[in-house]
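What follows is a set of structures for review.
One chain, chain A, appears in both complexes that follow, with chain B as partner in the first and chain C in the second.
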Partner chain A sequence: MIPDELRLSPSAKDQLFDLLSRGILGCLLLFALFPIYWMIISSFRTRTEITAADPQLLPIELSEIPLIVQDPVILLEILHYENYVTMWGRFPVLDYFINSLVIAMTTTGFALVVGCLGGYAFSKYRFPGKGAVGGALLGTQMIPGILILLPMYLMFIWIQNNIGFPMVNTYHGIIFVYTTFTVPVAIWMLRGFFDTIPDSVEEAARVDGCSRIQALVRIILPMAAPGIAATGMFVFLVAFNEVLFASILASGDVTPFAIGIQSFETQTTAYWGEMMAASTVATAPILVLFVLFQKPIVEGLTEGSVKQ
Partner chain B sequence: MSRVIIDNLTKEYNSPGGSIVAVDDLNLAIDDGEFVVFVGPSGCGKSTTLRCVAGLETVTGGSIQFDDEDVTDQKPKERDIAMVFQNYALYPHMTARENMAFGLKMSTDLSKEEINERVEDTAEMMGIEELLEDKPKALSGGQQQRVALGRAIVRDPEVFLMDEPLSNLDAKLRAQMRTELQQLQNELDVTTVYVTHDQTEAMTMGDRIVVLNDGQLQQVGTPLECYHRPANQFVAGFLGSPPMNFLTVEADLENGALRNSMFTLPVSDSVAAEIDSPNLVLGIRPEHIELTDTPETHGEPDRLIETEVTVTEPMGDVTNVYLDIGGESVTVTTDGKTGASAGDRLYMHVPAAKMHLFDAETGDAIKHSDEPIDSTSVPETSSPAETA
Partner chain C sequence: MASTTRQFRRRLADVQFGNYLPFYSRLSEEQRFAYKLLAPGLAMMCIIHFLPIIWGTLISFMGVNSTYAQQWHRAPLVGLENYFDVLDPGTVVGSRFWFSIRQTVIFAVGSLVVTYVLGLTAALVLNQQFKGRFVARTLLLLPWVAPVVVTLLIWRMMFQQQSGIINNILLSIGLINEPIYWLIGDNAIWTLVLTHSWTQFPLVMIMLYAGLQGIPEQLYEAASIDGAGRWEKFRYITFPQLKPVSAVVVLLVMLWTMINFTAPYVLLGAQPPRSGQVGILYIYEFAFSNYQFGRGAAMSVVLFIIAMTMAMIYYKYLFDDDFTEGDE
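Entry: the complex of A and B
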C-alpha cells in the first residue's frame, strides 16, 4: 500500500502524465531532427572538421557568439560556405535535382488523376467486384518492392528488346514504376476523402445541370482539395525519396537526386561537405512546401477519419 | 409548371438476400401547380419515389411523365426540376451567390448580368440579400436552408422536389418555414412534390397528401380526407398526434354489438350491415373521446367504458390522459383544466358517429367518423391513379 501522503492528486497525475508524454515526444523529435541538423552543420564544415575524431556538436565556438551578435557578417568567415559553391562544379547537382522534380511531379500528376477518378468510383459507384478490386489494390501494397524489382527490370529489358521502346534509364520508365505503386495508395486515400462528401451535394449538382463528370470536376474535386493536397504530397515524397528502383532503373541522364548524391562518394574520396550542402539545398524546397501546405495536409490526413 | 404523372412506378434494389422492392407499382397524377406531400415512415419508399422523379434513381418498371413528355429515361439535368435536400447540399466552396447562380450557369444560356439579376431578385424575395457573399460555413442552419430554397427557386423550374427540407431545423424555425414555404409555393404556383416523415408538415402544407407504407400507396387525398376518412388502419394510425386509438373487438351482429373482454358497445343496423368480418379493430381519435366520472347522469350510458388513468400529460391548452382498458392503452385529449390524475377510475364515452371500424385482417376501413371534410380548397382529384 502507498501511504496517503505519497499519493498524487488527480491534477498532479495529469501534470506528470503531461510532462512524461512531452518528454517522450521531445526525445522522438530530437531523434528525427538530429540527422537534419547534422546535415546542415556538416554542410558548413571542412572535410577535416567533419572527419575529426571528436566532432563538435555546435558549428561555432561558444566564445564566438558575442562576436557574431556584434557583427553577423563574421559568420561567413567562421562557417565554411565553400561547399555550397564548389558542389555545383564537381557534380551535376542541378541535373539530379531537376530529374527528381520531373519524376516526382509527373508521378504525382498521374497518381492524382488516376487516384481521383478511381477513388471517386470506389466511393460513389456500386459495381460488380468492387470489394475484390479494392482488396487487390490494397494487396499490391503488401508486396515488398525488392520482390518486383527484378521482374520489373526484366520486363523493361523485354519491352526494349521486343518492342524497341526504351524503358530503362528513361523518365517515362521510372515514372511508370512509381505510378504503379503510388496509384493504389492514392485511390485508397482519396476514396476516404470522397466518402466524407455527402452524395446529396453531387446530386444537387446533377439536378443543377451537371453531368457526372462535370459534377466531379466542378463540385466534388474542389471539396476534396485538402485530401488531394495531402495525397499529392504523400505521392510526391514517395517518388522524390525512392532509392531502390531508381538505383537499378534510373541512372545516366535521368539519375534522380537520391541516387546522384551517392556519386559524391568516389572510390578515392568522399566529398562529405559538398554532399551535405547538396542535400540541404535539395531538402529545403520540400521543407518549405511542407510548411506552406501543412494546414491542408493535416486537415486532409485527419478528415477521412471522422464522419461529418 | 407541369403536370406530373407517375404510372405503375416500381423500383427494386438488388441486395445479397434478393431484390428489395422500395416502390411497388405506384400510380399518381399530380396536377399543375399542386403541392403534394409524400408522407410515411422511414423506408416507405417516399424518398425513392422522389428520387425517381428527379432522375437520380433509375426505375425498374413503369414510367414518369411531365405533361405529355416521358422523362423516365432522362438525366436529371434534362428534366427542368429543382430539388431541395434534407442537408441542403450547398456547395461549400462557393458563396451563396455562386451557389444560387450555379444552376443557371450550367443549364441556361443566360448572360452573367441576367443571372445576377435573377439571383438578386430571388435573394430579395427570400430575405437573404445580405448573405449573398457569404460561404455556407458562415451561415446558420436557417440561413443555409434559405439559400438552398433560393437556389431551387431561382431556376424557375417545371417541378420543385423537396426531400425533408425542414427536418434539420429546430422546432420553432421549422414551424416558421412551414408557413413561408406554403406562401412561396402559392405565389410561385410551381408543381411541388414534398417528402416528409412528419405528419404535421403533411397535414398543414399539402394540397393533397400521399401516404405510403412498404413501398405501396395507402391513400391519396386532401389532408382532412386522409385524417377523417382513412382508407385503412395504417393511414388512420399514421396521421394525427397523439395517434388514433385502436381496440380489438369482435362483431356480435346478432345482438348488434361490438365486444371486447372489457366492454360491449352497441352498433347501429346500418353499420352492422357493412360488417363482413367477425374480427375488427375499433378506432377512435383521442380528441373524440369524452371522459366522465358520473356515468349515472350520462346521456349514453351504454357507450361508456370503465377505465383507469395511468398517466396524464398536461400540455397547457390540452392534457393527454392515458387510460388502461384490460391491458390496451387508450389516449384521450381533454381540456387542459382536467382534474384527472393517475389512478383515477373514469368512464370514457365512445360516440358512435366518431367511431372508425377496420377489418382486423386486411386493415381496410369499414366505417369512418362523420367529421365533415372541407372540400372547398381541394383541387381536382379525379386522377385515375387514385383508384389504383
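Entry: the complex of A and C
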C-alpha cells in the first residue's frame, strides 16, 4: 500500500503522464531520424573519418562554432563535400539516376492512366463480378515476387530467342512489369479518392451533353487531382525501390539506382561516403515532395484500412 | 437504307457477342462501360500475374535446369519429384529450405511484434493534443517515405562491426564489451527484424492513428464519469475499438514481410549469412545461381501456400470472429 501523503494528486499525475509521453515521443523521433541524420553527416566525411574507430556524433566540434559564425565559408573546409564530386566518376551514378527516373516516371504515367480508368469503374459503377475483380486486385499483392519472376524470366528469354524482340535489360521490359505490379494498388487507392467525389457531378456533366468518357476526363479527373498526385507518388516510390525484378531483368545499360547504389560496396572496399552522398541526392527530392503532398498521400493510405 | 444497314450491323455485332461472350451481351450499357474502363488493367494483370503463376506452377512439375534454361518447354515432366526434393529434410537442399522457412517465420512474426508495438506507441503519443503534433507526425513518417534501398544501406553502414556507429555507442555506454557482428552469424536475423521494423512502423502508426481518430469521444467521456483511469480506458475502449484496424495491419505486415525480398537482399549484402537467408532470398540464390528453375519454382509454390495458409488461419480465427461479434 502506498501511504496517502506519497500519492500523486490528479494534476501531478497528468503532468507526469505528459512528461512521460513527451519523453517517448522524443525517443521515437530520435530512433526515426537518426539514420537519416547519419546519412547526411556521413556524406560529408572522408573515408578515414567514416572508418575511424571512434566516429564523432556531430559533424563539427563545438569549439569550432564561433569560428563558423564569424566566417561561414570555413564550413567548406570542415565538411568534406568531395564525395559529392567524386561519386559521379567512381560508378556511373548519373546513368543510374537517369535509368531510375525513366523507368519510375514512365511506370507512374502508365499506371495512373490504367489506374484512373479502373478506379473510376470501381468507384462509380456496379457490375457483375465486381467483388471477384476486387479480390483478385488485392490477391495480387500477396503473391511472392519470386513465383512470378522465374516464369517471367523464361518468357522474356523465349520472346528474345523466338521473336527476336529484346526484353531482358530493356526499358520497355521492366516498365511493363512494374506497371502491372502497381496497377492494382493504383486502382485501389484511386477508387478511394473517386469515392469522395459525389455521383451528382457525373450526372450533371452527362445532362450537359458530355459522354461518359468526356465526363471522366474533363470533369472528374481534374477534381481528383490531389488524389492522383498522391497515388502517383506512391507508384513512383514502388518502382524506384524495386530490387527483385530489377536485379534480374534490368542490368547492364538500364541498371536502376536501387541496384547501382549497392555497387559502392565492393568485395574489397566500401565507399560509404560516396554511397551516402548519392543516397542523399536521391532522398532529398523525395522527402521534399512528400512533405508537400503528404495530406492526400496519408489519406489515401489510411482510407482502405479504416473505412470498413 | 443507311439506317437499315446500321441496324443490321448492330444486330450482327449483338449476335457475335451473344455467341462468343454471352456474359458480356447481357450487361447494361453502364456495366459495359465499367468493363471497358477496367479492360486494360485486367488484361495486364492476366499477362503478368495470372499467366506466370500458372506457368510457374507448371514449371515446378518440370525438370528445368541449366540444360534447359534456353528451351524450358523441352524440359521433361517430372511430376512431383521437385517437391519431394525440396521438402525432404534429409537432403542438403531440403534441410536448407526448411531452415529458410523457419527464418521466414521468425522474420515475419518478429517484425510484426516490433512494428506493431512501435506503431501503436507512436500512434497513441500522436493522438494527444500538443503543439507541433503535425510536424511530429511528418517526421515520424520519414523512415517509411525515404527510399527503402537507401535506408537499408544506411543501417548496413551503421551496423558495421569495426566502424559502425551502433557498436561504438554500445561500447561507449558500456552495454557490450567487444564489438558485435550484426550482419554475419546468428545475429543477422534479428538485425533484419529491427531494420525492417524501422522501415515499416510509420505505416502501422499512420493506420492506427487514423483508427484512433475514429473512436467516438463519448466513449471516453462516459468512462470518465464511471471513474475509469488511463489504463482502463486503453484496456476497455481504445484497444477493442482499434481491433478492426489492427486486424488489417497485422495481416498486411505479416504477409508483406513474408514475401519481402528487398530488406534481406540489401541489408545483408552479397554474401548473406545462413541465419538471414529467409525463404525468398534462398529461393532466389538457389534458382538463379545454377538455373535450378524447376526446383526453385516448387519452393516458390510452397512458400506461397505457407503464406496463404497463415493468412487464412489468421483470418478465420481472429479477423472473422471478432468482426461479427463486434457488429452485434
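Please note the rule applied: the second predicted complex is superposed on the first by the 268 of 308 C-alpha atoms of A that agree within 3 Å, B and C clash if a C-alpha of one lies under 4 Å from a C-alpha of the other, contacts with A are read in each partner's own complex, and residues count from 1 in each chain.
In the analysis below, contacts are C-beta pairs under 8 Å (C-beta built on N, C-alpha and C of every residue); 3 or more make two chains touch, one makes a residue touch a chain.
Since the model is a prediction, treat every value here as computed from it, not as a measurement.
Undergrad: Do chain B and chain C fit side by side on chain A after the overlay, or clash?
TA: Aligned on chain A, chain B and chain C fit with no clash.
Undergrad: Using the touch definition from the top, say if A:147 reaches chain B (first), chain C (second), both or neither.
TA: The answer is second: A:147 touches chain C but not chain B.
Undergrad: With the two structures laid over each other on chain A, which partner does A:86 touch: chain B (first), chain C (second), both, or neither?
TA: In the superposition, A:86 contacts neither chain B nor chain C.
Undergrad: Does the superposition put A:243 against chain B (first), chain C (second), both, or neither?
TA: The second partner, chain C, only.
Undergrad: On the superposed three-chain arrangement, identify whether chain B or chain C touches more chain A residues.
TA: Touching more of chain A: C.
Undergrad: Tell me which partner A:46 touches in the superposition: chain B (first), chain C (second), both or neither.
TA: It touches nothing on chain B or chain C.
Undergrad: Which partner does A:201 reach: the first (chain B), the second (chain C), both, or neither?
TA: first
Undergrad: Scan A:283 for contacts with chain B and chain C and give back first, second, both or neither.
TA: Only chain C is touched by A:283; chain B is not.
Undergrad: Note down the smallest distance between any C-alpha of chain B and any C-alpha of chain C in the overlay, whole angstrom.
TA: 8
Undergrad: For a test of understanding, state which residues of chain A touch chain C in their complex under the given definition.
TA: Listed in rising order, the residues are 17, 21-22, 24-25, 28-29, 31-33, 35-36, 38-39, 42, 50-55, 57, 113-115, 117-118, 120-122, 125-128, 133, 136-137, 140-148, 150-152, 154-155, 157-158, 161, 176-177, 179-181, 183-184, 187, 212, 237, 240-244, 247-248, 257-258, 261-262, 265, 267, 270, 272, 275-276, 279, 282-283, 286-287, 290-291, 294, 298, 301-302, 305-306, 308.
Undergrad: Quick check on the complex: what are the chain C residues that touch chain A?
TA: 23, 27, 30-31, 33-35, 37-38, 40-42, 44-45, 47-49, 51-53, 55-56, 59, 64, 69-70, 72-73, 118, 121-122, 124-126, 128, 130, 136, 138-143, 145-151, 153-158, 162-163, 165, 168, 198, 202-203, 206-207, 209-211, 214, 230, 244-245, 248-249, 252, 255-256, 258-259, 261-262, 265-266, 269-270, 280, 283-284, 287-288, 293, 296-297, 300-301, 303-304, 307-308, 311
Undergrad: In their complex, what parts of chain B are in touch with chain A?
TA: 54-56, 75-77, 81-83, 85-87, 89-93, 102-103, 106-107, 151, 155, 161
Undergrad: Within their complex, state which residues of chain A touch chain B.
TA: Those in contact with chain B are residues 198, 200-201, 203-211, 214, 219, 222-223, 225.
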